[in-house]
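Two complexes follow with subunit A in common, the first pairing it with subunit B and the second with subunit C.
Up next is the complex of A and B:
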């Protein structure tokens, strides 16, 4: 990215439309509160998308993919046409992925446009047009809205000594054609070896471990309907993180996060396979580094006991 | 697609005889293993078209059998019988009976999109897996998988209210799939959270369960989505000849009934 692009993004991401999505109002509540708290501490402003709807997650596309495209398009339409926003930020990988996919399909596929136009008209709102807003992840928001240098200046409680495995999951990078801004050389995100979370946590003082399963799948789509497969997939991820020497797996998706926590318990109860690595949202870790209390970033809401770990490292 | 399929040789057709002499030649033992011949005649020439008529299956014709999908597959690493490339091959040449041998595992695709990422021909194998699982259910080859029950429950809630509420989905999913409402490990997880969960959040989640979250002014969207989905289902039914299947089945039932009366 050129210097002007960097400055342009910094200005654009300072104030964004915020799409938390359903999971962040339920099991991912701590991700929601920590994202808001970190934004506030960093001077990045969030305006929640008005009267938003569910993006369809991993499920509606299996009933009909174009209905899923409509669901995402409605969220972007409200941000663009009712809030006059340029940027929509979604911390959930599922929401982020679906908005990106809708953006791609609406730009490339006339049949998708036709369905979105038709449902939008009957629903009584303006149909979304590709290019009206830019959808970004919470990682882009902090990485480009502030940058590592800006973050470093605000660190009050360095994560020094904390060994972190950064886990990105599936939906943040795959399939690559819906992320045209990735894989564009220095400064951009990589779809095969993503590093934005690594960059931010390193700036916060953490020691990132070499973690080969960054983009492995946790089986989130079938976490309840095919629990045995999901437990095996999660165990692989937990064991790989432990083998790499990690104290904690940093997450950036509520489905991955609750999948790892749920199947860590299930592996122990059903298979007798105990693992001890903890899970924390990357926004929780950043919040701690910015001097916020563990309670403020919802560490007590996680299933895995992160507080003890933070205490043992002198971080809480 | 000139790929020789080892797995087309069924294990039960491999014959080794301890004592066998044919025309004076001793063919006993391992070195004289026979493969019993098998002639495939029941091709479904429309199989590829049927899969392509379902969402996700549209691009199956592009496949040139490189195997990148299976090579990158998350589920294949856990279960080697899960083989997207092979299934695409069977569908394209219309070997329905062979495909049906794997009918109970095809729904297990986790939608990680590694195959779609790796595919050099934009087949979108993830979509093909979903279309195939869907086809198996529509044709009555498999019962609705737990995954489909979950998808329908989820999509139903979104269509009705614009939003979902996780607790309600969980409860209805466990009830509909005949699983214990509270598996041990889920109880254990809930206990671990409950120990630290602030009272206020628990209240909020309980409230969300009682008062369903909904998007305001959603009725127009609900009706438009329902109308569109009904149209799509009718189109898919036609493409798969489901009405004829149902008629034929009804005819059979009626015929069997008459048989008993005579």
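Up next is the complex of A and C:
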């Protein structure tokens, strides 16, 4: 990325339309509150998308992918046409993925455009046109909106001594073709070995461990239909993180985070397999490093009890 | 063909070996066998081709043809290949024990992913009668 591109992004990401999505109002509430708190502490402004709707997630997509494209496009339409925003930031991997997919489909597929036009007309709002907004993840927002140097300057409570396995899950980087900005060399994210979360937490003082399962499937998609396989997949991720020496798994997706937490409990109950590694959202860790209290970033809301760990490391 | 359960048992019992290269060969063979189950369940002959020097990656490509969601295990396969490289290139490294351990966990993850995927897709042998019943229902 050229210096001009870096500066452009920095200016563009200072103020973004914020699309929390359904999960962040439910099980991922702590991700929502910590994202907002970190944004405030870093001077990055969030304006929540007005009257937003579900992105279509997995359920709608499985029934009619084009209706999912419409649902995601409506969020982007409100951001572009009603809020005059250039950038939509979605911290949830599912939402981020779906908005990026809708963007791709609307740029490439006339049939998707036709469906979106038709439903938008019926719903009485302007149809979204590909390219009106840029959808980014919370990782892009902080990485490009501030950068590691900017973050380092604001660290009050270094995460030094905390060993972190960064877990990105599968939807942040797949399928590659819906993320044209990735894999573009230095400064861009990698789809095979993502590193933005590693970069930010390292800037906050953490010690990242070598964790080869960072994009491995957590079994989230069939956690209800086939819980046992999901539990085994999660258990393998937890064990690998522990074997890598991690104290904590940093997450950036509410579905992965809940899956890791819930199946950690289930693995102990059903399989008798106990693991002790903790799960914290990367925004919670950054918040702690920025001097925010554990309560402010919702550590008490996590199923995985991270407070004792933070205390033992002198971070709380 | 070795059953998925037998592959899982061998991976669970794996302990890092004094001959790291041999261990890496065995682990990648087990990972290939997991992918062979998926390919065979879809009615194909597992490829003997190599991709980027690895049959594992060629099998993954074969398995993902027409099933984009199978790419959710692409990086796991690539990490297995990467660990194979690390172990083969530096068998004397102080990290070789850890690398073997991680490679076994990656292979286990691939196996679990394939097992789950077989069930979601209604393929494979979940009990002695599952496949004949499925084939019968498809014919009627």
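By our rule, the second predicted complex is superposed on the first by the 316 of 316 C-alpha atoms of A that agree within 3 Å, B and C clash if a C-alpha of one lies under 4 Å from a C-alpha of the other, contacts with A are read in each partner's own complex, and residues count from 1 in each chain.
One rule holds in what follows: a contact is a pair of C-beta atoms (placed from the backbone, for glycine too) under 8 Å apart; a residue touches a chain by one contact, two chains touch by 3 or more.
Because the structure is predicted, anything quoted here is derived from the model rather than measured.
Participant: Assess the superposed three-chain arrangement around subunit A: do subunit B and subunit C clash, or do they fit?
Facilitator: After superposition on subunit A, which the two structures share, subunit B runs into subunit C.
Participant: Going by the contact rule set out at the top, does A:119 touch subunit B (first), subunit C (second), both, or neither?
Facilitator: first
Participant: Could you look at A:213 and tell me whether it touches subunit B, subunit C, both or neither (first, second, both, neither)?
Facilitator: A:213 sits against subunit C, while subunit B stays out of touch.
Participant: Applying the touch criterion given at the start, work out whether A:182 contacts subunit B, subunit C, both or neither, answering first, second, both or neither.
Facilitator: Neither: A:182 stays clear of subunit B and subunit C.
Participant: Which of the two partners, first being subunit B and second being subunit C, lies in contact with A:174: first, second, both, or neither?
Facilitator: After superposition on chain A, A:174 lies in contact with both partners, subunit B and subunit C.
Participant: After lining up the shared chain so the two structures overlap, which partner does A:239 touch, if you call subunit B first and subunit C second: first, second, both or neither?
Facilitator: Once the two structures are laid over each other on A, A:239 reaches subunit C alone.
Participant: Report for A:262: first if it touches subunit B alone, second if subunit C alone, otherwise both or neither.
Facilitator: First partner only.
Participant: Now for A:144: first (subunit B), second (subunit C), both, or neither, which partner does it touch?
Facilitator: neither
Participant: With both complexes superposed on chain A, which partner does A:229 reach: first (subunit B), second (subunit C), both or neither?
Facilitator: Once the two structures are laid over each other on A, A:229 reaches both partners.
Participant: Using the touch criterion from the header, give the chain among subunit B and subunit C with more contacted residues in subunit A.
Facilitator: B
Participant: Among the options 25-33, 43-51, 97-105 or 241-249, identify the stretch of subunit B whose C-alpha atoms clash with subunit C after superposing on A.
Facilitator: Stretch flagged for C-alpha clashes with subunit C: 97-105.
Participant: Intersection of subunit A residues contacting subunit B with those contacting subunit C?
Facilitator: Residues common to the subunit A contacts of subunit C and of subunit B are 170, 173-175, 216-217, 219, 221-222, 225-226, 229-230, 232-233, listed in rising order.
Participant: Which residues of subunit B touch subunit A in the complex?
Facilitator: Counting only subunit B, the residues touching subunit A are 55-56, 74-75, 78-79, 108, 110-114, 116-117, 124, 127, 130, 134, 145-152, 154-155, 158-159, 162-167, 170, 173, 177, 184-186, 188-189, 192-193, 196-198, 201, 205, 208, 213, 215-218, 220-221, 223-225, 227-229, 232.
Participant: Which subunit C residues qualify as touching subunit A in the complex?
Facilitator: Within the complex, subunit C touches subunit A at residues 68, 71-76, 78-79, 82-83, 98, 101-102, 105-106, 108-109, 112-113, 115-116, 119-120.
Participant: Using the touch definition from the top, list the residues of subunit A that touch subunit B in their complex.
Facilitator: 22-23, 25-27, 29, 51-54, 56-67, 70-71, 74, 115, 118-119, 121-124, 170-171, 173-176, 191, 216-217, 219-222, 224-226, 229-230, 232-233, 261-262, 265-266, 269-270, 300-303, 305
Participant: Can you tell me which positions in subunit A touch subunit C when the two form their complex?
Facilitator: Against subunit C, subunit A makes touches at 170, 173-175, 192-193, 210, 212-213, 215-217, 219, 221-222, 225-226, 229-230, 232-233, 236-237, 239-240, 243-244.
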